[in-house]
Amino acid sequence: MISVIIAGFNGTMGQKAVQLITASPEFQLAGAYNPHVTSRRATDYGLDGAVSIYNDLQQITTPADVWLDFSTPGGVANNAQFAITQGMHPVIGTSGLTAEQQHRLQATANARQLGGIIAPNFGVTAVLMMKFAQQAATYLKRAEIVEYHHEDKLDAPSGTALNTARLIYAAQQADEPQPSSEQDLLGTRGGDYHGIKIHAVRLPGFVADEEVIFGGPGETLTIKQSTTDRQSFMAGVKLAITAVMQRQDLVIGLENIL
Amino acid sequence: MISVIIAGFNGTMGQKAVQLITASPEFQLAGAYNPHVTSRRATDYGLDGAVSIYNDLQQITTPADVWLDFSTPGGVANNAQFAITQGMHPVIGTSGLTAEQQHRLQATANARQLGGIIAPNFGVTAVLMMKFAQQAATYLKRAEIVEYHHEDKLDAPSGTALNTARLIYAAQQADEPQPSSEQDLLGTRGGDYHGIKIHAVRLPGFVADEEVIFGGPGETLTIKQSTTDRQSFMAGVKLAITAVMQRQDLVIGLENIL
Amino acid sequence: MISVIIAGFNGTMGQKAVQLITASPEFQLAGAYNPHVTSRRATDYGLDGAVSIYNDLQQITTPADVWLDFSTPGGVANNAQFAITQGMHPVIGTSGLTAEQQHRLQATANARQLGGIIAPNFGVTAVLMMKFAQQAATYLKRAEIVEYHHEDKLDAPSGTALNTARLIYAAQQADEPQPSSEQDLLGTRGGDYHGIKIHAVRLPGFVADEEVIFGGPGETLTIKQSTTDRQSFMAGVKLAITAVMQRQDLVIGLENIL
Amino acid sequence: MISVIIAGFNGTMGQKAVQLITASPEFQLAGAYNPHVTSRRATDYGLDGAVSIYNDLQQITTPADVWLDFSTPGGVANNAQFAITQGMHPVIGTSGLTAEQQHRLQATANARQLGGIIAPNFGVTAVLMMKFAQQAATYLKRAEIVEYHHEDKLDAPSGTALNTARLIYAAQQADEPQPSSEQDLLGTRGGDYHGIKIHAVRLPGFVADEEVIFGGPGETLTIKQSTTDRQSFMAGVKLAITAVMQRQDLVIGLENIL
């Protein structure tokens, strides 16, 4: 049985993480951390009385196997550093770590041969889509990406769409050719990343869908990932917890353990 | 049995039209016209010997029921005028008629109570998609359009995509609202027609697909038309020939007879 | 402003209905009914103190404009009869009314020229899909239906899929032709309704999607409805409340007011 | 430059192969074989005069690098045996070889360290779809397959659909769980292969599409392959010719060289 401490246990993702850990017989919720809570009674949060509630890292004297972090951009670097020092395998889903901070955490964990993961996206289908896109790009030289999100997402394209384009370009190592004489007064041909076109749809009714389409003479290949509920991320978290226990290094990106 | 003369009978579309008319027991190929052919022997073109071949309009002394035109932009206006004067129902698939020419032909045909049609697109599924989009637009206030064509199509968006946006806007009579603070450095949000976003994909492997997506709270409605072979247009031609025989006016657009 | 009493106000759908009515400036929540609640204090249910809570129909002495029913199969017939007698426009989303009960309610409401609706499905996109399928069936003679639901749905096909097949058959008035010599040992060709094949997919990750595909020579037309959140039904409820106020009869099925 | 002899050069696939080889600067059409042709003049078949036409294997005294076979089930085994004996790399697209024949050819080629391939399907996107399905099956435990073909295909399911199910089962090594109490009077749940459901759609307008859908909590992954023109197979043939020149063994299935 793998024991887990959850940082940011009462945020949106933290609550889903609590559900996951308490519902899985192979995991045990040892503790929950949030520097902003005042009560330290687990039952105040609907948790089993045996769970330790911490609002200060110094209170954590008995380390768990895994430190699962869904806290805040401001706190995550310090949390992860603490977890590694205590010998807890870090599984970090909180965004906001700089590349430099990531590399420092990686160096510290690797020196201790401590398995861990930092992942901006725990969606298994999104990560598989990216992996398959990278493989397909070797055989099919033309690709476009369409992503569909709810109308409240104000930035475009999605991080997953842009990452997918990066992986395709890395596999092809050449810009996809574009016709010189295209006529497109309205700008309908989408964003361009080294010749790979990216299109972003924003409509109510979507949660988060990502689609990459490859075309060749007389055939197309479409790989589409569709999210209907954010609980989908928890399947990736479960895989990650199990994987880091077997590893001796800290990896960045769920694709490295799938 | 409806008798038909085909103008432009040996072009790409003309040949498909010849196949359609000769294969349908309810139609009879009476004649075939092209001012540029020299031989007037039908068997030289693989046609039944009873079919009259014309290379001059003045040779056509016995009018057929229907004048089916897949000729050239330069000749179509004159052809259609001739057909109407002779009492033949015009079914015009040739592009290139100006709005003024269309209205003049319409006036002449209507004065004689002669049914006819001028249609830029005889694809039944494309026309149904546009009709349904217009109906849906009354109930679902947000829509985006994605069209997919082979990589040799150099203009974007497609005429069908733009027409679909026009019909949605006509039904809604208001611009779709756009967030003021969208971040889209790459231009992935597509072309804008009164708030309706249009995205154009160009990849080998596609012939011509058009898709309109409507979004509402917790649900989406997608209407997609997919063409795998240009012979698809012939179903619309067949509907048109049958319909013009029943009408007393000339309409513009297949949607008016569906 | 349209005043509304909600029956079954604290069930799953009832709660969503309460949210809809209180959030819409054109509606006013006048009362809430459930024979099984004991407290009659609105604030006990998080409602505005001005809302009347009823646990007995006889307490409802001031009728509202609309009676919105998301109660139980056992209570709905009596509720609806009461509402009509009091001159309240019934909007009934509760299932379980027999055809005979529906007709009796219809007769009573129509005699009073009271607009109302009984609808098994308030999803606007599902109803539009069915309408469009019926229209398309006149022009495209071959259709198949694929529906996708979560793995906990134990019955197949969905009611919407079967209704769609019925509407297509009603439009075509002939069985779709089937090849005599098909080889299909595994039973992959799906269920058959007058030659219209129906396929049911059951997988985690889906909420409720319905798709009808029409095929013709060289082209296909796909109409797909996708649900990501059950709140989608509330758009149809809103349309229904507005529509019944303008009508003098009781209709069955949302398609009759779209 | 790789020299190629094409067996079955004037069949449907053979003609496409001739086009491929003559249009590719890295390939050279050295000869063309068909035991049923009488004229041995290349220009009678629209080929360059330098191409040797053979109607008897014994005439082939100068072997080419590659033997590309799109002949007939009756002739292919003998052809392939001949090619290997002459040191030509076999690329076999003709169906009809028994498992025993395949193994014998494999043994002969491997003993000579001669690279070759026997492939029932040269569609690159179909093969990639199968590869990705096998990979995804490790992480996502529930899958269904939907295939779409033209209405003249009388057998169901397609070979590709069934192969995809086999690969998923091989990866999961367990039947997918099925609810015990499913109600499905019409048989809409499709064919069953170890718990993986297969659905076959037959409609005009489709050429050949294959789709595998994986579901997990709150998310789905769809991998879809769509064929619009049979020329698509030639991309796989090109890959195969290039690959066999680098190999020392004969493989069965395009997936082994992608």
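Just so it is clear, A, B, C and D label the chains in written order, and each chain counts residues from 1 on its own.
Heads up, the rule we're going with is that contacts are C-beta pairs under 8 Å (C-beta built on N, C-alpha and C of every residue); 3 or more make two chains touch, one makes a residue touch a chain.
Quick caveat: nothing in here was measured; it's all calculated off a predicted structure.
Of all chains in the assembly, those touching subunit A and also subunit B are C, D. One inter-chain figure worth recording: subunit A and subunit C are separated by 38 Å, centre to centre, where each centre is the mean of the chain's CA atoms. One inter-chain figure worth recording: subunit C and subunit D are separated by 48 Å, centre to centre, where each centre is the mean of the chain's CA atoms.
With centres set at the average Cα position, the gap from subunit B to subunit D is 38 Å. Touching of two or more other chains is recorded for residues 205-206, 214, 216-220, 226, 228, 232 of subunit A. If touching chains are joined by edges, the resulting network of the protein chains shown connects every chain directly with every other. Considering their complex, residues 123-126, 128-129, 131-132, 135-136, 139-140, 214, 216-232, 234-235, 239, 258 of subunit D touch subunit A.
Looking at the complex, you find that subunit B touches subunit D at residues 205-207, 226, 228, 232.
Residue ranges of subunit B in contact with subunit A, taken from their complex: 142-144, 146, 148, 151, 154-157, 161, 179, 181-184, 186-193, 197-206, 213-220.
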